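See the structures that follow.
Consider the two complexes below, in which chain A is the common component and chain B and chain C are the respective partners.
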Partner chain A sequence: MTPYVEILPQILETLQPFTKEGQALAEETELVSELGLDSMQVMQVLLKIEDRFDISIPLNNLPTIRTVKDLGLEIEQLLKN
Partner chain B sequence: MTMTPTVTLHSLPLNPGNFPTLSDALDYASLGETGCNFYSGRGKLAHVLSYKDLQIQAKNLAKKLNSLRLDRGARVALVADTNPDFIRFFFACQYAGLTPVPLPISLHLGGHQAYVTQLRRLLESCCPSVAMAPEGLVPYLEEASQGLGLSLIGGPEIFASLPEDESQLCPLAPHELAYIQYTSGSTRWPRGVEVTQAAVMTNLAGIIQNGLQVTAGDRCVSWLPFYHDMGLVGFVLGPIASQLSVDYLSTRDFAMRPRQWLSLMTKSQATISFSPSFGYELCVRRLGEESPEQFDLSHWRIAGVGAETIRAESLLRFSSTLGPSGFRQESFLACYGMAECSLAISFAPLGQGLDVDQVDGDCLSNEKEALPFIASLSSEENGRCSSFVNCGVPLPGYEVEIRDADGFALGIRKSGTIFVRGASIMSGYFNDPATTDEVLSADGWLNTGDIGYWIDDSLVIIGRSKDMIIINGRNIWPQDLEFLAEQQPEVRPGDSSAFSVSGPDGEEMAVMVIQCRDSDPQKREDLVKRLRALVYQELSIPCYIELIPPRSLPRTSSGKLSRSRAKIDFLSRVQWDVLAPMLSAS
Partner chain C sequence: MSLFDKFTTLQETRQALLQSGVNPFHLTVEKILSPTEAIMNGRHTILVGSNNYLGLTFHPECIQAGHQALDQEGTGTTGSRMANGSFAAHGYLEEAIASFYDLPHAIVFSTGYQANLGILSTLAGAGDVILMDADSHASIYDGCRLSGAEIIRFKHNDVSDMEKRLRRLGNRATHTLIVVEGIYSMLGDRAPLAEMVAVKKQYGATMVVDEAHSLGILGEQGRGLVEEVGAEQEVDCIVGTFSKSLGSTGGFAVSRHPLFDMIRYASRPYIFTASPCPSVVATTTAALRVVRKHPELRQQLWANANRLFNGLITSGYTLGAEVGPVIAAMIPNKELALTMWQGLLEHGIYVNLMIPPATPNGECLLRCSVSAAHTEAQLTHICQTFHTLKEQFLS
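This part shows the complex of A and B:
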């Protein structure tokens, strides 16, 4: 099982290419409204996350994921099961 | 035991869609060995549903639905995920005499409230008696339907536990509604298209016999959503009405892993698959450095393209990139249609690929005439060249007219609004006679709102419902964006105008221009930020927002705001190099 603290840096690394120049990235960064990811970029991020952690994020859970932290906790949960 | 997909060829003689109703079509298909197959995002076969099993299960479920003693034609709302349950419920309604209403799935990051609100508007519009969602989505449906008085809301299991009613099944008859299809129009003011059995069966027969000329040995692949007319009518009902096997990939899986579409085409040796231009673009974009030889697309007879303005250059990029896989450019089949006509209106001729018409763009904008573009010897005299794809001759039995603003039918190469009349035109928008009257005349002509012109007897589409904004294949209505602006205390009705423009990288982007009285830079910035966040939240798209002085939005001679002129004004003052850094991540 991978704990959240180990997941977080991997998410930040995955998100790095999607940030604007000089944009800070932290736990509380909002994926859509702050990073400005459009629906296709969200799909690319999810693909990278799914492949990296070998998980499948259920579609139903997307609406509750707003921030980097939410995403990390979701991954942690999926890895537990 | 390993699962095997349903066969492509079987001994049942092909009936090309000559059925009075959808249940008759399934009854016939159930005599063969074909069916539908559902694949996971990683390419694994997850479910097989033969038409034989579908018929048995749908009839069984119909008896259970009948135990609820619903009125005939009562609406059954179905959250339309790409899975066997949706198809079972859809056909259970056909056998039970109920009207299925497919509802969209639009789950975005952080979009809980937006989805619940969207579902609620749809439920309020179609007034269903019961509603079904995949188990994981039931909470959204429950939240959205609070206080609406539905008699049962739940996942497939709750319905499966109902007792079977013993009385004889009485399937929907030709004059009754086959389903209600929500158009991909405004999310705030949804319009439910009423389609009768007779209408959809007429259109299916035309598609199968004329548009696609289906033969035994054809096989379909689709990732189009089941709540979309092309996904539902084209790739759920169409294969059943022609007894073809079909392989499904969910829309979300396609969006995440577009190459799975091509892998599935390779694996199943399918011959028919459709997509908006955007789907072909996405494949090329995401294929990157990967070798196209890993795919075998040599069986792909019909690569249909429609649903949004057809962009020839992206399709040609697809065919040249995928050429080494055996994909043939001649497989592209341009078509035109809409939910209000069940699905299809016209198809280009088969096996000929794209026919691109190059016209003088300035003459088209100014004179509304699509004259062939002739390059002159000196390049300074060259006007603007615009390219449009020929969408072919209307299906037999359909009348199409292109009319000018005064309603007169236009001849060849004159651009105007497309009107259609034929047996598969909707009965109207559900519970909305006012909107119906706006688009459907008493003598049966549908105003499509689309703009096009004739080349001889072939239709060329210039633009879809002229103001619609299409981002990554999604239709966004400017009214929805403007509504969000007008909800802000600083913005009054008529102060905003939304449209899309081709951004610096050639991709469509949404723009909203707003008249703002406030001169305080901080307050202005605050408004822009707030609105952008709101647009993301509601519609999941980035939107460039520009504030302009009061009374500077252009109006038509009758005083109405003109989005097309606002767009021209915007393009004339925008400086892409200033804008580009702001858009770089969006």
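This part shows the complex of A and C:
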């Protein structure tokens, strides 16, 4: 099982190419409103994350994922299962 | 603050469109003249966006059957089949659909949307998984949500992504429902079904194929993509609609599974809605007979599709997919798409304007649906107008 603390830096690394110049990423960064990702980019980010951790994030769970931390906790949960 | 406040943005967008003189989402057909012609905005207009693939909406056999049913059975059923009972004609239509597909079981739904809602929400449930193509129709998304199953999307038409996600499911793959479409409505591309079926079989999953845009179009008998690729033994359920190639309304599902008919007793979108009215059932049954009797309609559709496809390619358009009943011209941005759509309308041609978020990959599309009833003169006018607009706006 991969703990959240090990998941977080991998998420930040995956998200880095999607940030605007000089934009800082943190646990509380909001994926849509702060990063300004459109629906296409959200899909791209998720695909990268899913492949990186070899998981599939159910569509049902997406409404609860707002921040980087939410995403990390979701990944941790999926890896646990 | 009110619950209605969330519609303010929509209202502003609509207002901006109206002020620009273009309102693509509120057109009125003032008078319908034939399967391919109508009066719109007071102008004689060729319909190239109505999904009337075989042109059956004015077929004399269908109209006569509809008249007869109205005279003999009245205007409506006034309730659900479960509560009010089925009319004999509901059963005849189900027999006709099952016979058309050479399958033992068929269920008729009141609309195509409800067919997906009814099948997907009942076949899969809590604890199951639905693996769906990301570019699926809204009725598939809604049916999946209603099921309570875990929903996982795979990249559009990407067999390896589908396989990867089945592998990740481990033992749960055998409780997974894969949902794909024969022909996708936006771009007109087809599912790589033979490859998908092989993967589905490998993992022991169940598969539903939505043939809404391929019924009457693909396959030797017009049964759709499943027939065309010879996957009839492997696909567990086919759903479809009567509102496109059959020129009516309603939906259906067919299957060979011995328990399939039990869905009828568990499917809320089947049980808790009024059953299709007699005239609709009659015109649909007649249209099925016409499709079986007249394979030349399908040949004419393909000839027309080739004609339009080649015309647009020659003019330099980038099209969404291979030749087929749906031909989508890709336009670089929303403003141009609106302008060109309006230009087509002013030249007496109605196509579907498709813009994000309704489209895959954020594409802007002028979507044409070809009909077997389009005449050579109409196709020439459509191709020439597209050519003129290409020269005017995209060169």
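Basically, the second predicted complex is superposed on the first by the 81 of 81 C-alpha atoms of A that agree within 3 Å, B and C clash if a C-alpha of one lies under 4 Å from a C-alpha of the other, contacts with A are read in each partner's own complex, and residues count from 1 in each chain.
Please note the rule applied: a contact is a pair of C-beta atoms (placed from the backbone, for glycine too) under 8 Å apart; a residue touches a chain by one contact, two chains touch by 3 or more.
Everything quoted here is computed from the prediction, not taken from an experiment.
Q: Is the number of chain A residues in contact higher for chain B or for chain C?
A: The partner that reaches more residues of chain A in the superposed model: B.
Q: If you stack the two complexes on chain A, which partner ends up touching A:18: first (chain B), second (chain C), both, or neither?
A: first
Q: Just chain B (first), just chain C (second), both, or neither: which does A:66 touch?
A: A:66: touches chain B, not chain C.
Q: Which partner chains sit in contact with A:40 here, chain B, chain C, both or neither? Use first/second/both/neither.
A: A:40 contacts both chain B and chain C.
Q: Give one of first, second, both or neither to describe whether A:30 is in contact with chain B, with chain C, with both, or with none.
A: The first partner, chain B, only.
Q: Identify the partner contact of A:54: answer first if only chain B is touched, second if only chain C is, both if each is, neither if none is.
A: After superposing on A, A:54 lies in contact with chain C but is clear of chain B.
Q: Would you tell me the residues on chain A in contact with chain B in one complex that are also in contact with chain C in the other?
A: Dual-contact residues (chain A): 38-40, 43, 47, 56, 58-60.
Q: Within their complex, state which residues of chain B touch chain A.
A: Within the complex, chain B contacts chain A at residues 41, 105, 107-112, 114-115, 134, 136-137, 140, 252, 255-257, 282, 471-472, 474, 532-533, 536-537, 540-542, 581, 584-586.
Q: For chain C, which residues are in contact with chain A within the complex?
A: It comes out as residues 134, 144-145, 150-153, 155, 165, 168-169, 357, 361-362.
Q: Under the definition above, what is the set of chain A residues touching chain C in their complex?
A: Residues 38-40, 43, 47, 54-60.
Q: Which chain A residues qualify as touching chain B in the complex?
A: 18-21, 23, 30-33, 35-40, 42-44, 46-47, 50, 56, 58-60, 62-66
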